[in-house]
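A short worksheet on the structure shown next.
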Amino acid sequence: MASPDSSVAPLPAARPDGGARVNDFSIQVATANGSGSQSSNTVLLRAIFQMGVPVSGKNLFPSNIAGLPTWYTIRASRDGWIARKKEVDLLVAMNPETARDDVLGLSAGAAVVYDAPLALAELRPDLVYYPVAFDALVEPLTKEPKLRRLLRNMAYVGVLARLLDLDLGEVEHAIEKQFPGKPRARDLNVAAARAGFDHAATLEKRDPLVVRRMDRTAGKILVDGNAAAAMGALFAGVTVVAWYPITPSSSLVETLIGHLRRYRIGPDGKATFAVVQAEDELAAVGMAIGAGWAGARAMTATAGPGVSLMSEFAGLAYYAEIPAVIFDVQRVGPSTGLPTRTAQGDVLSTAFLSHGDTRHVLLFPGSVEECFTMGVDAFDLAERLQTPVFVMTDLDLGMNVWMSDPFPYPARPLDRGKVLGKDDLDRLGGFARYADVDGDGIGWRTLPGTPHPKAAYFTRGTGHDEQAAYSEDPRTFERNLARLEKKLDGARDLLPAPVREGSGEAKLGLLAYGSSDPALREARDQLRREAGLDSDYLRVRAYPFSREVREFVEAHERVYVVEQNRDGQLAALLKLDLPAALVPRLRPVPHLDGLPLDARTVSDAIRAEEAR
Amino acid sequence: MASPDSSVAPLPAARPDGGARVNDFSIQVATANGSGSQSSNTVLLRAIFQMGVPVSGKNLFPSNIAGLPTWYTIRASRDGWIARKKEVDLLVAMNPETARDDVLGLSAGAAVVYDAPLALAELRPDLVYYPVAFDALVEPLTKEPKLRRLLRNMAYVGVLARLLDLDLGEVEHAIEKQFPGKPRARDLNVAAARAGFDHAATLEKRDPLVVRRMDRTAGKILVDGNAAAAMGALFAGVTVVAWYPITPSSSLVETLIGHLRRYRIGPDGKATFAVVQAEDELAAVGMAIGAGWAGARAMTATAGPGVSLMSEFAGLAYYAEIPAVIFDVQRVGPSTGLPTRTAQGDVLSTAFLSHGDTRHVLLFPGSVEECFTMGVDAFDLAERLQTPVFVMTDLDLGMNVWMSDPFPYPARPLDRGKVLGKDDLDRLGGFARYADVDGDGIGWRTLPGTPHPKAAYFTRGTGHDEQAAYSEDPRTFERNLARLEKKLDGARDLLPAPVREGSGEAKLGLLAYGSSDPALREARDQLRREAGLDSDYLRVRAYPFSREVREFVEAHERVYVVEQNRDGQLAALLKLDLPAALVPRLRPVPHLDGLPLDARTVSDAIRAEEAR
Amino acid sequence: MATPATPAAPRTNRLGLSVVEYKGAKSTLCAGCGHNAISERILEAMYEMGVPPERVAKLSGIGCSSKSPAYFMSRSHAFNALHGRMPSVATGAVLANRELLALGVSGDGDTASIGIGQFVHLMRRNLPILYVVENNGVYGLTKGQFSATADLGAKLKTGVQNDLPAIDLCTLAIQLGATFVGRSFSGDKRQLSAMLRAALAHRGTAMLDVVSPCVTFNDHEGSTKSYAYMKEHDVPLHELQFVPAFEDLAVEYDPGTTVDVTMHDGSHLRLRKLEEGYDPRDRGRAMSRLVEAQAGGDVLTGVLFVDAKAPSLVDLLNLVDAPLATLPAEAVRPPREVLDALMDALR
Amino acid sequence: MATPATPAAPRTNRLGLSVVEYKGAKSTLCAGCGHNAISERILEAMYEMGVPPERVAKLSGIGCSSKSPAYFMSRSHAFNALHGRMPSVATGAVLANRELLALGVSGDGDTASIGIGQFVHLMRRNLPILYVVENNGVYGLTKGQFSATADLGAKLKTGVQNDLPAIDLCTLAIQLGATFVGRSFSGDKRQLSAMLRAALAHRGTAMLDVVSPCVTFNDHEGSTKSYAYMKEHDVPLHELQFVPAFEDLAVEYDPGTTVDVTMHDGSHLRLRKLEEGYDPRDRGRAMSRLVEAQAGGDVLTGVLFVDAKAPSLVDLLNLVDAPLATLPAEAVRPPREVLDALMDALR
């Protein structure tokens, strides 16, 4: 496979004209997976971060365990842009399989650190080359060949530290964080980094890229979205977790299990949670629904194929009105698709998941912080609304490391929704499960086990009346379905409101969601700076849409709906939701190639449209 | 449960003013299921049909095996209207459980034949009553109590024959057809009908309803849509059928099995077909897809819950481009919903069935004849397009008996689509499975077992290039997805075109599909006659939509989209498909109560909208 | 059931409840359906064991059998879930509230056809549940197609013959690790009652495969799940006696002819052997005896396997004693310091 | 395979094909993965048996194991289907074209976890297929979680211990009616090769459970699916010899110590007993012996059960000899008269 962007016509890179390019470049490291490069790249990322420079890292890895090409891109941006950047300023070419294509795909003037035996310098005259004999560098450190392979990768971090003028102390500090409690691994890696650092002193610096200390990361954290969502679930007080492994969602649950074991087991060894690795996704969601029915805060996490398998159960939970939280860490479909690439491709099918007039609540976290906050809110919303809530995150958010403000401790107490206990029943003398007593379409429920002779009701996916009794009566059926519609409609006001940016005066509206956010912000800046196009930006955070979404469209002549799928799925939901007269204002900008969205793709598309 | 329509304010029934009401009324028979009334009602329906009078029958039955209330409605219409009619002119009240509500729900002046012990005449003074002591009538016929219960039901057919002036010979003929090869059953039933007929001579006719011979059914057939679809599959040359029983689709496959056994087993006992009752719907569709991949004409049939379960496989078949035919005999959802009631509720979720930018081809038969013709065409289309084709029929079409012209023998030969054989490969020297060589987005395939060293390719649900090799390359992925989009877009021209009615001059457009057709035609007539509203009518027969759909919307100021679901699902697909400027013209008229659509519901809704 | 109540007055159980408190809605199943008889037996067993109806969660799939929980114990919560997926829903419910007494009711189609995957995995996990399969060898609710427990050579009314081997749910359950496996017949009031009561005292998965004729679609000649067939081929392995802990009767028994199993709650299951050499504590032997019987067309009934000591899923997960569902916020949301520490680690 | 070819020249098989014609793409699995060894054995067996690659359909689910069909026999069609759903796809393919030699390749997660339902029903149907489970006790592709074949007490690298009983796919398959059930080890070249060749001669479901260590996630101490564990606990029941029909060598054997099974195509499977008393033709005994071995931590290998006579699904359905897929239109679309008759009956 070629370098991921090789077939995109490269944009002319900003040429260094003698001066340094400080804190504004991107590095791509090309290795093979399973070779330990993930640690090295994290160390590099973290070292830059520790120097106070905004960074982001994108891992482009194959659906495979070991030996296939992997690329990791680190962007340092003094302006704080953290979207993927297509142009590579510095390539670290460690993988013989892809090195040729990787080099040929660069823009003129880019720098290349490479494993000397690859002899890449012959390929093009217009690059800056730094050959390094990595094997020789790590040879003195260990005799184990396997370990050597790993250390080679830490050595390039040292080389880059010297070339970029990174503080070696920060590198060492980052290595320490990377291998906590493993002094031998730490020491060896520090030695490897130092070897690289020392060796690089012999290289003549001929590129302009440098890192200088800033103060833009103080207090911030580095974390991936899956870890953030796991913490969300932890602080939501999740009690039942049923799951089935699938990329890219597995690490969400695996991290959560770690936290639960650490923070939710009492001194007596007893757990306030149950985790079950189910036999498949049907069972996983079935368990979550059974648990939600019985009153637990229950969840599962999966990706597209799992969501498809959950379809029948999703309809049951919608219709029988049972809370459950489902994290969908989206990857590229259709079908098994590209399991290790990112997309926002499950939006439309999940909104209508299951046959027969089913509708669902979706949340769209747009940052790791929102993976956390929505990870908390989803449980409140599911119990409040008595319906499944899907948290639509994606591989880019979930598996890449992001810079973030630390997460806020939840401000509100748990909202356990409308539940009647024994005392309530004593007072009321009974209840009707599906009666709309509060005018919001949400009935009151009881939990199994409630010690009251009037507590029980019969839950079913078949037609039922207000008392939850079986019914085929046409009018009863209609009423019930209308109530469900009302309930979901009312959800608009409970869900996270969209986030607005801009003066509100622009004619041009940009609308996006989820992990597209950084690219959208940067694209907005590009549009203004490069094309004089002023725009407002609305980031949608939930479906059914808040009323503000409509207001935004009303207030703009043209609204570009940018998303990471082929079919313009959120745009489709908007078309169905907005008054028909507003629909012509929507300009879908769907894009899907499995790579995290970059600003240039967005601004180019919009400029082209605007120029028409 | 109340009579199905009891909570609808009854419309004033046309009062008989001395004169007879000939061939224009509806009969409702209220019994318990499992009591043999289905045979009696079919006999009654058929006898009227044999008198040349257009009829339709609607069975309203519970999700239960025996003992629960069932209603059967027969409409006779000299004008040929065969939609359900809400008003009941003649009630046959055999079920003590519902008799009271059934009677209270009638319009003034209606007639009631009832089992004498029920003493219904006291309930209301404004009806015409015919009490009949059914037990006494059948007592002489047999000693078996079980049989007596069945014969009581044939006795009311005799009573009605006399009251409506039906030819007893036609009744007897119909009984003969009902019990082929069972002379004892036939004789007993004839005796029961005669007993009723004879007894009714003692009743004084006080209602205006009569049947008179006409010639509007000559040459026509009576058949249900599932049987029609089964014949379609038979004449399509289906070879592999995998299924899992579910109401209301089971009878489709069971009828098909009967035909296959009869017509597709050779004198040597060998079968040209394989039928497997799978363990569930995932397996059923998996088998169909495996068979389609290997070159068989393969199908399954199911209802909403099954379609939901097939979701993951549907995405695989779309993406790996494998033909399969899936009959979805729709029933009321969400979830298990009302399994014995009718709806068009799976349209939207099936169009986008599966995660990640998946799209499907849907056919919408609007009559039993189209259940047949589309049952044939679906196989051609699936193989031509190399994709799953969903035939979206419903319980009303599938399980009720409809009058129809006889089905035409397929005019075209089987279209087996683009398949390369050994000779082709010899000539070509090889092939690329997913290359768009013909510019229609459809590649050529080979079948497993083709004896040529270059025949093989690797089928997968993961990313692949034109040669079907595994690929994660972003550009390859994009190209492939764009080709799939093009393929489905091109399908518009291959699918059954919509059917247009009206001058084309009206401002008002009506748009509907499937089993709504009779109600739409009648509603159009009502709108014209009763409100002076002229309209054109377009019946959509497939998704992706034909270009004529757009033309129709362009040509009309307002287009009412009538359908049998809550959410306006076809209207949603239209909104997503039409140019945005046309969207404001659409006026969704969704309706869902589980009962077959009637004209009055449609015309009332449209008149109300038009009056705004 | 924490504290055994004082011996009950004649018409009430030890909780002081009369049997009426255990009734459900009127059955809509066919008259004579085996499922109705099983509902009766369940209701009686619950009454006799003095199980508070509010503690029971009735769980089922889809089918005539799965409808039946509506027809007993209206005072218990119930969840009529999806076809074949009751096991997962039950698993979730039990984990959410370990105090629930989970009663799963399923059919042979629901369990052995579409549901076999969830069945297999539930058995492995030894979830505390009383799982009753009302086995009629056909799909009743969809009008009489064969299910996967239909016996080789069995005939439908239409004459169609089943040519695939039956899945024997008991053999399967034993193999997979279920800890209480029994087979009975809806028409055998005594055996079924004793078995249900013993199963209610079991902690872990109690799987009962109860032959339950479908009078409408599978009670004819040629059926192997008919009343007539069962009358001829039912081979009870032992006579069952169940002595609940709260009755503590010290009945004499002969260890040579009787197996005595002490259940988790101290009650006793006594099996007076009718077949020499059958030991319901030997997994492998039980399986081979069942295979042999199946080949011969015999239907072995009784408690086929029991292991009253194995840890249940709730034990394995080491859950706190209180139901997870109703733990207070303090117990489930870690304090601010935990978040602070987590954030620090990410800096 | 209709007519046995003349004995092949040294470097080609009886079809005149060299082993290169049976190769696939370069493996992307980890170096040392058991699955790679199994791919080699399959390829060799196909070559040695002279199976035309074009006749083979390779079917798989999702997982490292399920990817492996890409790495052998590129001249055969292949379908890498959905996770756990290979059996249904295979069933459809075989029914569409009975001449195909179906090779199903699956993993323990693919088969025993998500796929156990389809596995159970495929076994019941005795579909003609060679079904190979590459069993490493973990989910390789998703990075090392336990699967349902992980043994009780097995430990992950992280120290997490499996506390659920393993599903023994062989015992299960035998119980469910599979007609050729074997277990082997990816590291036992001789045994696995002979077993594969015999399985290729079987008409019906041949299910081979092949322990296949995952060097990346499950080859450490504490694993029961490691190379080291297998070296200690592999208990071969017999020595396998397979004599293909086309070789017709009349080898002497002693009926007292050797079981000779005549396969459907006239070839011979000869099992020279290492364990006294094990008879691979006795379902019940085989099962109880397997249960016992499992409890003791032994891994019995060999042909555990075989019934070379049972009718396969293709036989039961009595299909015409030609593949359904390519029957001419005349054979599948009834003539106009049939439609006329059907219409008449509806008038």
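Letters A, B, C and D mark the chains as written, and numbering starts fresh at 1 in each.
In this section, a contact is a pair of C-beta atoms (placed from the backbone, for glycine too) under 8 Å apart; a residue touches a chain by one contact, two chains touch by 3 or more.
Bear in mind that the values here come from a model prediction, so they are computed numbers and not experimental data.
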Common touching chains of chain D and chain A: B, C
Chain whose mean Cα position lies farthest from chain D: B
Chain pair with more C-beta contacts, A-C versus B-C: A-C
Chain centre separation (chain B, chain C; CA means) in Å: 40
Chain A and chain C: spacing of chain centres that average the CA atoms, whole Å: 44
Chain centre separation (chain C, chain D; CA means) in Å: 35
Residues within chain A bordering two or more other chains: 63, 279-280, 305, 312, 316, 335-336, 460-462
In chain C, residues with contacts to at least two other chains: 82, 113-114, 116-117, 120-121, 125, 148
Complex interface listing, chain C residues touching chain A: 21, 25, 52-55, 57, 59, 69-70, 74-82, 85, 87-97, 99-100, 117-118, 120-121, 125, 313, 317-321, 323-327, 329, 331-334, 336, 338-339, 342-343, 346-347
Footprint of chain A on chain D - complex, ascending: 28-31, 62, 64, 82-84, 113-114, 116, 139-143, 145-146, 148, 216
Residues on chain B engaged by chain A in the complex (per definition of touch): 1-2, 4-5, 7-8, 62-63, 304-305, 307-309, 311-312, 315-316, 318-320, 330, 332-341, 343, 345-346, 348-350, 352-359, 460-463, 471-475, 477-478, 481-482, 485, 565-567, 569, 572, 575-576, 580-581, 583-586, 592-595
Residue ranges of chain D in contact with chain C within the complex: 113-117, 120-121, 124-125, 148, 163-165, 167-168, 171-172, 175-177, 283-285, 287-292, 295, 316
Interface residues, chain A side, partner chain C - complex: 219-223, 231, 234-240, 242, 259, 263-266, 269-276, 278-280, 282-298, 312-313, 316, 406-407, 409-410, 413-414, 446-453, 455-462, 469-470
